[in-house]
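Below is a structure I'd like to ask you about.
A, B, C and D label the chains in the order they appear, each numbered from 1.
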Amino acid sequence: MATKEKDNRVVLLISCPEKPGIISIVSNFLLEHHANIVHFDQHTTDPHSGRFFMRIEFDLRDFEEAYEKLEQDLYGKAAEHSMEWQLSSTKNRKKMAIFVSKMDHCLLELIWRWKSKELPVDIPFVISNHANLADEVESYGIPFYHIPLTHETKEEAEQKAFKLMEGKVDFIVLARYMQILSPNFIAKYPNQIINIHHSFLPAFVGANPYVRAFNRGVKLIGATAHYVTNDLDEGPIIQQDVLRVNHRYSAEDLKIAGRHVERTVLADAVAWHVEDRVLVHGNKTIVFE
Amino acid sequence: MATKEKDNRVVLLISCPEKPGIISIVSNFLLEHHANIVHFDQHTTDPHSGRFFMRIEFDLRDFEEAYEKLEQDLYGKAAEHSMEWQLSSTKNRKKMAIFVSKMDHCLLELIWRWKSKELPVDIPFVISNHANLADEVESYGIPFYHIPLTHETKEEAEQKAFKLMEGKVDFIVLARYMQILSPNFIAKYPNQIINIHHSFLPAFVGANPYVRAFNRGVKLIGATAHYVTNDLDEGPIIQQDVLRVNHRYSAEDLKIAGRHVERTVLADAVAWHVEDRVLVHGNKTIVFE
Amino acid sequence: MATKEKDNRVVLLISCPEKPGIISIVSNFLLEHHANIVHFDQHTTDPHSGRFFMRIEFDLRDFEEAYEKLEQDLYGKAAEHSMEWQLSSTKNRKKMAIFVSKMDHCLLELIWRWKSKELPVDIPFVISNHANLADEVESYGIPFYHIPLTHETKEEAEQKAFKLMEGKVDFIVLARYMQILSPNFIAKYPNQIINIHHSFLPAFVGANPYVRAFNRGVKLIGATAHYVTNDLDEGPIIQQDVLRVNHRYSAEDLKIAGRHVERTVLADAVAWHVEDRVLVHGNKTIVFE
Amino acid sequence: MATKEKDNRVVLLISCPEKPGIISIVSNFLLEHHANIVHFDQHTTDPHSGRFFMRIEFDLRDFEEAYEKLEQDLYGKAAEHSMEWQLSSTKNRKKMAIFVSKMDHCLLELIWRWKSKELPVDIPFVISNHANLADEVESYGIPFYHIPLTHETKEEAEQKAFKLMEGKVDFIVLARYMQILSPNFIAKYPNQIINIHHSFLPAFVGANPYVRAFNRGVKLIGATAHYVTNDLDEGPIIQQDVLRVNHRYSAEDLKIAGRHVERTVLADAVAWHVEDRVLVHGNKTIVFE
């Protein structure tokens, strides 16, 4: 669900071992810090011995002062209850780098949503291993870096990218970037790299999913947005959707039709990531839509 | 979402005016009563001055004793904070009367879900203004009452139904019951009568929606489950869905196709009602799916 | 698309090598036989050198006489143009045997659609390797045969089934029949055995798809109806659909939810097969919905 | 279904009174003109006394010469059988004018599909009653005309538009153009003006559909693309789709979410119109997808 931007809205994500009273503990803590809770979502993998996940969206009275105090006090509270946590505020817009190859449909969908203020991020730049989209990207006032790449120059190319990104990027979207990132790269951005795969994973893992979907004669084609891990196409799935097709579709037609489901699925996943709605647990996600 | 039955699961529904700390108040109260929260959902119509809605699903240690104590204490807590509330337990299965006319598709869908234990209710009986479904209903061991009805005998017929229902029925499903209930009847079961309308309301309010959908040339047909109020087809909507159709469909074909979306939509709405997932606010519903 | 039954409607299916004028040839042939075409669908895999598929639905004046004459003349016409063809009439309802194991949801959906005249077939009997559904099936006046089966007695069991089916069955539906048919069995009913697989094939080929879907954290679960071939779960796909799920679903919940998409997908596939809307080409289907 | 452009593909649309042999007549005629049929779709409103609709897509040998001859001969053939017809070729791209007000989402979707060659049209210009989108449109090399408009100057404004369009425009898309066209304007482009209405018509006919959807508490919101007639929001529906929403959506959120279904629905309708897949019959459409 996409909504208009809210000022000073704060989001607290927590995960911790299940224990009785955890909601009391957290809600009391927030009340003490004068937080006015707007949305509260939780999930437990097992109410007796599982892991507990929470997303709390709230407003703060006297934002500046209160936010800092809250953050400080969270360290203690978290230690006490073995919590992992993340605090963020709409005041600090996330910085999203986009990686792309030759195809523009996912890229332009993200840019359009950013431009229409539906996606409250900053886009410091777009990086591509091809030059063809430079003009288009720059026409939106977004810097475009062409970093060509061969098997041999991959490490060097990634180093260039790192330099550009240093301190300027919170997360990365692979908007049909047709290169495999190195483990070194992935390790720097754990659960912060979103990829769009052009199939309904785990069907058609790997290359050329549309051709293989055509050959198998499926009646639905799909797309999957997931966090990138070292296991190709095996990272935690954030969003999936499908499109009905029929015998009239050639492999080429599937590809063309598939572009639309790809851009929707990726845009959903990115929006949820930006709004801190996605928590990763093992190889799965909890999405508080 | 349909799930297998859980033993001794308790659901507490609360609505009250917004005020800071309401989640703390409720979660502390539940903690004191040794409740282990499994699901917690909330919604506010406005975080500053709106109305606050909560659904909390939890397990109780020492169920029998704890449940009674909790219920008693809720009166005081609720008075203190102007809360409306409802407490229920899966131990006490809801009793669902089904009203039907001649068509069996919605009726059989409900019976099938009941029989497969997907719908954890008791069905004390089925009432119909026609006799044609008696054998079918009785073959499942469910009593069937034929209460014929004309414009003149409506009041009398409703009185018969009341006698049958007295103390035996928690809520009523109109599974394609083609009679309009009297205000008197509706007043006895506020937000406890679920109807399925065979159109995507508010399109085609009233009679013969499939014929009118055909004449208008729509490309989707739908169904709407809602609580019955005195304003025909205007009660709070619980669930809606649609089905794609095309120029090949006659009005009769639309009707046949529509049966499938009707039964799914009604079954969803009934399942959510049974699991206490639906709260009514004015003429709208909050559904904690 | 399901429609009410039509009397004396005839369906001619043709496949042949592409050649110019093929529609002229067939439509002229039908005109000479006083056929009044109601629906005409065609598909070509390649307009220049592919294979051509046609489905023509028509009414015949003086049905009895005309149908026989048409059938006779088709042999010559087909030989002339290397056509494979199939002629059928709604006068001769198809005979559908249902194979089932313990779960009843797909079975009952088919029976319900048959009973409501939405599925214009005869059901000579149901065969199961378990006894639990006997009463239910027989309550509809449909014979039920319990043919238990172990790895050792499989051949014997299939022989029993053959005896029952001989001359009495046009096609077979595996409505969650959890046994693998022998190549010998499959060879007797080429493209006449429809199976429902409880996943979105080719994802989760094989056993326990819901558990594997749960473990992979997919956001959609699906079902696939296909013709059975000797390659397990690899036969031509007739229909597929999906259902949105989320992190709240346990593996058991996925299974329960999945039942609904299974029965819809299977019912669609069976309806299309019954109405001669499905043509097989290699390992794929052409479905003239 | 969107597909890549084909060279020299011809589409013939025919509607005429039902009569036996109509498919023979047309297919023989096309065979004589050396047409190689690629797709053949037909529909009849009643096989005995209805109206018959056909769409035939074919390739021509010796295109230039053959096309002209075919067109000439069609006049005679059509007169003989009371046919209305339309012949078009992918060689002659349709010219699409876009009218827009302040919101850009539908406009940009069309431009993006045009730019990516998914929509094989020419866009001679965009006309708006506001100036805010001028730069954006011109950045794609498309002329932009700002024609402001008040109640008093409407006639004058339409005259300006007519001058621009004269001989340069085949059809018009109202991509969220928030003005009502005069009967005079509409009469000049019968069934050639496509509008997108931001509701699931006939629900919420008229203004502010998202606010009214919010107030009614619907669980799905929709969009409808239709041909413009003098009856506001009552013209023949080409395409509709819906999006699931819930109690968390404000009226503003519905509006934001609705943009995505609007652009998809409009893009589908425009694609079908461009590929000559839509035939109008009374106040309804036949869409040969």
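As a convention for this text, contacts are C-beta pairs under 8 Å (C-beta built on N, C-alpha and C of every residue); 3 or more make two chains touch, one makes a residue touch a chain.
On a predicted model such as this, the values are computed, not experimentally measured, just so you know.
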Discussion item. So which of C-D, B-C or A-C matches B-D, with over half of the contact pairs the same residue numbers?
Written reply: A-C
Item to complete: Specify the chain most distant from subunit B by Cα centroid.
Response: D
Item to complete: Could you put a whole-Å number on the gap between the CA centroids of subunit A and subunit B?
Response: 37
Response to the item:
Touching two or more other chains in subunit B are residues 39, 246, 248
Response to the item:
As the complex stands, subunit C meets subunit D at residues 20-21, 23-24, 27-28, 30-31, 34, 36-42, 44, 47-48, 59
Response to the item:
The answer for subunit B against subunit C in the complex is residues 1-4, 39, 104-105, 108, 112, 116, 118, 139, 245-246, 248-250, 252-253, 256-257, 259-260, 264
Worksheet, complete the sentence: Residue set of subunit A touching subunit C in the complex reads 43, 200-204, 216-220, 222, 236-242, 246-248, 283-287, 289
